[in-house]
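Chain nomenclature is as follows: A, B, C and D, assigned in order of appearance, with residue numbering initiated at 1 for each chain independently.
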């Protein structure tokens, strides 16, 4: 009960802070950055359920993100479906793909699992590039309408941002609720020891598939919202490198911490904006920060924050 | 079916496959000592090519340029291990993998600053007059590549099964603590594995440069294909890595020739996935690495 | 005492007045300085920076300094969108040149018509200007014009069966689409339609397949290093079929990479790379030679033909500002549309409300590579 | 007295090696039955086969219910819960959470209940916490509820694993070398604990153990395995005096 109240409270505070953030920012431009932060955070939180909690790697999450973006884009722009329906179909479609993919894939583990998900991501990326009639090919697909619900418009970036904050808060809330339940314990048990988890009556195959589908669904929601924000999609946004970036967000944020994933996503999205002033050495600094971050904050931003809290108030129970 | 064309596809596939196999060998060496996938392995290959081009531009003979390039990259490998891997020894594998990703970004960035964004070519070692057999044409350089792949493979096999250092490195991958207890310096073995991986990768990169050309960003794709080759062959087995690379290359070439050049990579990866679903630890794999 | 105050006050006003006059004209730029398209973006950035210095050294525009606010989109759509937002909302520029690649241009075009700021793109895709977006222009020739040049040459040679091999990125896709449309339309047979990846290092498989189909000519559409690999593979396989390249490899780098395999290859290209061979005394020669001399003096590296797109984009904006004597975004747009007969590096621009590219096939020459250098085909 | 576990004609083959060859094994309700034998006799393999971790041929019944077709997790849900020779605790969770995972065998709420915090969710969570705390108290780890499991001392990790299994309220508890690595004092306490599991909780226990003092002290029945076959079975006194068993042990160990 206490954990639940604390989660509810933290999610509310988080949403309110994000909603109020644009008031403190001097420029509309920052809203665009925040929007990308929120989108990345949605995917990262989902991936963290899979990677951080259940200990299963996926190098294919960019593909789920991209599949949903394209599906919703094609359904609304080319087929003329209402946006909300297109979005719903796209998310469902991605969930189905993840479920089907999960059946053979989770017979694998470790590096082999990484390869299988990576391969899936690459195949999807190739199809996006080559199925020109459907996707518009490498130069992308234009004419995707801005997200709207019956009676609600999100034409202005600020209103779109508010929508994203609410969705992100919901995703965070769902994740926290799951983590602090039998299901969350099952996820971590699978990570801790698959044999012991089985001996405790946990169906590890089902558990892995469940969290895989769930994290794919979060990625899909983000993908749909991405496509209808940018009003444009191109395969290059959904490649292997984005999958790697997502993993980095999760690990740098702190494995097995929902808030860590959010922090990692925000940090890694905003960082290039700060490094931009350094022009040519931007990439160098980015790489160096990554290496240094992992060396000096082995449990990520969340671990660092926890340590800081621990220093401030030495006796604390559960984290 | 045209036999000459089929033969040409096979030859082309083997040539490309050798480039994947060479990269894959480097992965194997570090994996065998640390259980780690080094994402900067592709950058070692890139550095080999770029250094060789630079040395050749200085007017050195190509052979010397290749040797110097390999040595220079070995130093890079050693520095990488000392600065970024050793200080965090014992960290979770996923953290180390992220560190290698960071290092690869760093090396790529440095290479971009040092050499610019252009593509460079290195002159072929023994000219560019194609060799013909049974209607299939092949660059003399391809023979160099295949020969190098095979001799590296033989060398590594010998190293891992017949030398103290090689056995010590293998012991580290099975059980670090036990290796330490029987008097093997795990630290030195890890350092050595990064140096050898860099050496192998760079030699490959330098020998490939006349065929494939080189630029600061060729490491990403090579790393990706090299990793796929490792997995297909079964992680940790040098023979599997080389075989995996050659198989991938031939699959791509046949896919491009008989199916669709647009989907040749998709075709290759679908086969790889189906294969993994049937054989979850690759062609010659021992039990899967559970570290990630 | 009072007098002194008055003088001080007047001085202040004067100072304020001059300060206002010196408030610069802000022009935005987005180039892919890093990432896969950096071979385009880097010379574009160099050219734009050099030109702005030159403009300012000559007194700026309308008596004001020109300030170039330049962002690198890293050839990444998301970064490009952020850069566009930054230029529009934070830097409040009056016009933007770039982005370098078509996909990124397509992704941000709508933002410019919404914000009512003119965009002069340095990317080639036809989709950028058809249908015409009132606020968007582009300086590179369309692929259609390059293809038409090639096909005119092929027709004259009597070639019938054509094989194409294109790279699977935005550039190759655009060329492939035009080729697929124009080849049958002009009476050619498209016998093979092969594709290769931007980072592929061996295309013998595709060429073997093409060889088996015995075409009269091959057209390759890509940017370095792929086409150089194809040139080498062609020689390796002993293919004597004529090979056309696209203007995407119109740089010395291609000849350097392909080496002897480049001999005899043909391609359409702007006149920048053959400035020496244009008849002396023509104003175009003077412009091109001047650009080359300035660039090589400023950066101590050989010029790349791709910087010309940025040259034209910036100079067209400057021309529109000077002609219309206004640096307001809507005036720049209106005056851009009125530019005719303007000689740029890429060709002579004739903008109109229905043509926001303003170039025709005359901006291309057919070249052949001969003894390691370009030669204009008659 | 009825039979909880009945294994008949169990065979397990690893490649060419017969690890178990037609073994019969049974556990009577409310007893502690030990499985002993030299190294490599197939004791752990038998446990693995019963809990479903290795494929086996033969019949395995729990209180008359056929288990052979069930996956490991389903056998656990049916009531066979085990511990592991090599500790398999969830080092990434607190002790209480570890044990609640075991208790989770008895809760059945789904994802939606967890998301919307239904009354059923709260009821079952509270019950799980109560059961987990009870099990921790039973093994004497009550004060460690919030400690990360990985931080516990080795002996306590053994107890934690035991508590986790107990919280699942199994019909049959399989203990695989639970005393391995414990000192004499800890082993003695463990013996007492296992007896209490039988007497106070009424759980039938099957035990694989090398420590003969422990085995002889607490077992009701003993089955001896060598080379994948049953060598003898009987009460501790009978086994101690069985000449074949003595020979097998003297021949192999000491």
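Going forward, a residue touches a chain if its C-beta (ideal position, glycine included) is under 8 Å from a C-beta of that chain, and two chains touch if they have at least 3 such contacts.
It should be emphasised that the depicted structure is a prediction, and the values quoted were computed from it without experimental measurement.
Among the remaining chains, those touching chain B and also chain C are A. Here the chain at the heart of the shown protein, by mean C-alpha position, is A.
The most distant chain from chain A is D, comparing centres defined as mean Cα coordinates. Inter-chain spacing, taken between the CA centroids of chain B and chain D, is 47 Å. If each chain is reduced to the centroid of its CA atoms, chain A and chain B end up 31 Å from each other. A straight line joining the Cα centres of chain A and chain D is 40 Å long. Centroids of chain A and chain C (each the mean of its C-alpha atoms) stand 37 Å apart. Residues of chain C in contact with two or more other chains: 34, 168, 195.
The residues of chain D never reach two or more other chains; the list is empty. Shared interface positions of chain A, i.e. residues touching 2 or more other chains, are given as 130, 283. Chain contacts here follow an irregular pattern that is not a line, a ring, a star or a complete set. Of all possible chain pairs, those that touch are A-B, A-C, A-D, B-C. By the touch criterion given at the top, residues 27-29, 32-33, 36, 129-130, 132, 137-140, 142, 230-232, 234, 236-237, 272-273, 276, 279, 282-283 of chain A touch chain C in their complex. By the touch criterion given at the top, residues 37, 84, 87-88, 91-92, 94-95, 98-99, 101-110, 112-113, 220, 224, 227-228, 231, 235, 262-263, 265-266, 269-270, 272-273, 276-277, 280-282, 285, 288-292 of chain B touch chain A in their complex.
Residue ranges of chain B in contact with chain C, taken from their complex: 2, 5, 8-9, 11-13, 15-16, 19, 112, 116-121, 128, 130, 132, 137-139, 208, 211-213, 215, 217-218, 220-221, 252-254, 256-257, 260-262, 264-265.
Chain contact summary for the complex, chain D toward chain A: residues 51-53, 71-74, 76-77, 81-84, 88-94, 97, 100-102, 104-105, 107, 109, 111, 114-115, 117, 121-122, 124-125, 128, 146, 161, 164-165, 168. If you check the complex, the residues on chain A that touch chain D are 1, 4, 174, 177-178, 181-186, 188-189, 191-193, 195-204, 210, 256, 317-318.
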